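For reference, the structures are reproduced in the following blocks.
Look for subunit A in each of the two complexes below; its partner is subunit B in the first and subunit C in the second.
For the complex of A and B:
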């Protein structure tokens, strides 16, 4: 059963069409990579999926329910979590508060399931090796640590579908490994992940399926191996080979 | 000493008005130019309920705060909410229009002559040569208590954490499921309640006059610009600094030669804004965080 289903999603600003007839399904438990050159509409698609932008046409189904008209906050409460390209953390709040505020925003029944929220906060920070910084302001962390904090916070706040927008951008190679471990842990827990990345080997190592976008539309999709071999991908990223 | 006492009183009033507004500016990034008129509405409503309708003072004060909240809600729904998403400067224009309408209404309803709320509290006392009235003591204490209570809610409760989250990163807050639009309204209305509280303060300590509105708007914005965007405590502290500078400007016998006329007191806030924008545009107490 598809956890997320997009049909005929289009979005434009004035005459400029940014997304054109996007349609795909994401099965529960899958990790799906979304790749494409800058300006191909990947982050816009995430903004449409998260509820920050309203599509001009099409429908988004989540667990077979239509969420197209729902606000970002409502979608989050249904279990859709987002990790932002430019860090979705609260820089002037401590690490503890950053996690706590996410847990407190959960629907009451989910909060009760979690038990003592302070304990969950401690576990979350422990998971990404940030316990010793618990009382520090999040703005003092490095880019990689901010990314880990954001992913761990989203993970612990009981989301089912994760939208990760370039989670390894600005992250050191060592921490990229930690980010990859976290995403793999998500898969082990049966979570579904949609991930935007430019790091093709990284995408190849963790994704079940890859969708390639260019100028606002899907041009290719398949397994990482299939996509890697395709001529379209080479053309999109490196331009057409003049010898062919 | 008398200068310091006067600065403390004037600063408490400005801090009350600027504190709530700093949150509004931090969250929505907009200017509510009708703030000064909302200050006056709180004061005049209390005056009317107490002096004209004859209700007890506490009931009148609660009525004044409720009127302020209601008018602020109306300001948000009619003059801010439909516009701020289109462009953040649009509410600047719409609230200027609203402030003009309110100025006219206040003048029509309460006339031009000054109005005072006679609290009936006993006379004051002399402390280290400074005369302090009982009502000033009560007003400063209530303001400090209100700011402390607000500080507790803001820093130590779940609601406060959500408010701070929305102030710092609205998109991330929404993606966590925080109902940001509801908090926008709550913050905006709270700023109106604080402003109405300021109006009641003026009515009890000084006189209410229909022409005062713009002066308080400018003072509040000077404090929040100097405090740094969204920094409530920076704004509160700057409100006290501006009040102290105002008192020093007109209260000191400069070079043993002259006093600056009281009318120039109002220039301090404007000079403060210019100085801050030139020397430290991010504000005196901007959050220090590592850039990612």
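For the complex of A and C:
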């Protein structure tokens, strides 16, 4: 059974068509990579999935329910978590408050399951080694720390589907390792992940399946091995090779 | 001594309205520039009900209903307009409401205002008023302080910083902002139920643009969103505003001088908080 299913999603602003007839399924527990050149519409697709942008056509099914008309907040409460390309952390709030606000927004039954929210906040910060900064404003964290905090917050607030937009962008190589570990931890916990990345070896090492987008369309999909060998990917990503 | 009581009363009476508005404009960073429109209608609903029914309870309830109605109108506008559009439209709505009040002569006596507003029996002297409104103000400060630190306060801060980020963690913008406007309405009800009684007069000029500038100035100077900061700046700036009376100036000059002083304070406060007042929106 597909956890997420997109059919015929299109989106445009005025005359400018940004997404065209996007359709794919994501099975529960899969890690799916979404790659493509800059401006190919990956972030826009995530914005449509998160509920910030309304598609001009098509439907989005989550756990077999149609969520196309639901607000972003409703989708989040259903278990769709988002990690933003530019760090979706509230910089004017403390680390503690950053986690707490997400836990408090959960549906009531989920909150009760979690028990004492302050304890969960402690565990979340502990998980990414930020306990000692609990009372500090999140604005003073480094990019890598913000990314770790955002992923940990999404995980601890019980999300089932993760939309990660370039989780290693702006993160040092050392921290990239930590981010990768966190993503593998998501897989171990049976979470489903859609991940946008430009780092192809990284995608190859963690994904079950890769979808390649170009100018708002899906041009290729398959296992990382298949996609890597494909000539189309070479052309889209690195430009046409003059020697061939 | 009477002047001290007078100042305390003025500070205390404005406190609930300003702290309520602080949740909308200060903490929520919602560009709602019509709080005086809410105050205006609240005061008229409250006073007219009092004149016609002689009941303070009904007067308060009528004020509350009017405040909720107008405040929720602004909330509704805020969900339909972008920040800049809301700023302009909310000013226009304030002016529109003022025009309605000034032109409904039969009901409101227009620009003349309504004199002889009765005070509640236990509020006959200035000191009674200062103590009673002081107690209300302290309760308002405590309530605002705890609301600010509650889950609601966190949701409001998160939305103010970036509404997409907030919605992505499950914060419902409409729900949260509607509550901010409701809190502002409740604050406004207390202030505008008491204010005409204190003056024993309801005059539309008290709800003009200069009163709005005072609200903005107090919030900007007190640090937008901070309860203790805004409460302190309300007190200090009210003292400053009222002490102009003691400068030997022709009566006609007091108004303009006061506005110039407000302008200077606003200018200084904005310069001082340039980076933090309304931080630029980030891309997702």
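In this section, the second predicted complex is superposed on the first by the 243 of 244 C-alpha atoms of A that agree within 3 Å, B and C clash if a C-alpha of one lies under 4 Å from a C-alpha of the other, contacts with A are read in each partner's own complex, and residues count from 1 in each chain.
Basically, a contact is a pair of C-beta atoms (placed from the backbone, for glycine too) under 8 Å apart; a residue touches a chain by one contact, two chains touch by 3 or more.
All values derive from a computational prediction rather than experimental measurement.
Colleague: Based on the shared subunit A superposition, would you classify subunit B and subunit C as clashing or fitting together?
Modeller: clash
Colleague: Considering only touches as defined above, state whether A:207 meets subunit B (first), subunit C (second), both or neither.
Modeller: So A:207 meets neither subunit B nor subunit C here.
Colleague: Have a look at where A:43 lands relative to subunit B and subunit C in the superposition and call it first, second, both or neither.
Modeller: In the superposition, A:43 contacts subunit C only.
Colleague: Tell me which partner A:72 touches in the superposition: subunit B (first), subunit C (second), both or neither.
Modeller: both
Colleague: Examine A:101 and indicate which partner it touches, taking first as subunit B and second as subunit C; both and neither are also allowed.
Modeller: both
Colleague: Examine A:170 and indicate which partner it touches, taking first as subunit B and second as subunit C; both and neither are also allowed.
Modeller: The answer is first: A:170 touches subunit B but not subunit C.
Colleague: Classify the contacts of A:140 with the two partner chains as first (subunit B alone), second (subunit C alone), both, or neither.
Modeller: First partner only, subunit B.
Colleague: Examine A:161 and indicate which partner it touches, taking first as subunit B and second as subunit C; both and neither are also allowed.
Modeller: After superposition on chain A, A:161 lies in contact with neither partner.
Colleague: Please indicate which partner A:22 is in contact with in the superposed arrangement: first for subunit B, second for subunit C, both, or neither.
Modeller: So A:22 meets neither subunit B nor subunit C here.
Colleague: Which residues form the common part of the subunit A surface touched by subunit B and by subunit C?
Modeller: Correct list for subunit A: 50-52, 71-73, 76-77, 81-82, 84, 86, 88-93, 97, 100-102, 104-106, 157.
Colleague: Which of the residues in subunit A end up touching subunit B in this complex?
Modeller: Where subunit A meets subunit B, its residues are 50-52, 71-74, 76-77, 81-82, 84, 86-93, 97, 100-102, 104-107, 137-143, 146, 157, 170.
Colleague: Across the complex, what residues on subunit C touch subunit A?
Modeller: 151, 154-155, 157-158, 161-162, 164-173, 279, 282-284
Colleague: Would you pull the subunit B residues touching subunit A in the complex into a rising list?
Modeller: 158, 161-162, 164-165, 168-169, 171-181, 287-290, 292
Colleague: Can you check the complex and tell me which residues of subunit A touch subunit C?
Modeller: Counting only subunit A, the residues touching subunit C are 43, 47, 50-52, 71-73, 76-77, 81-82, 84-86, 88-93, 97, 100-102, 104-106, 153, 157, 165.
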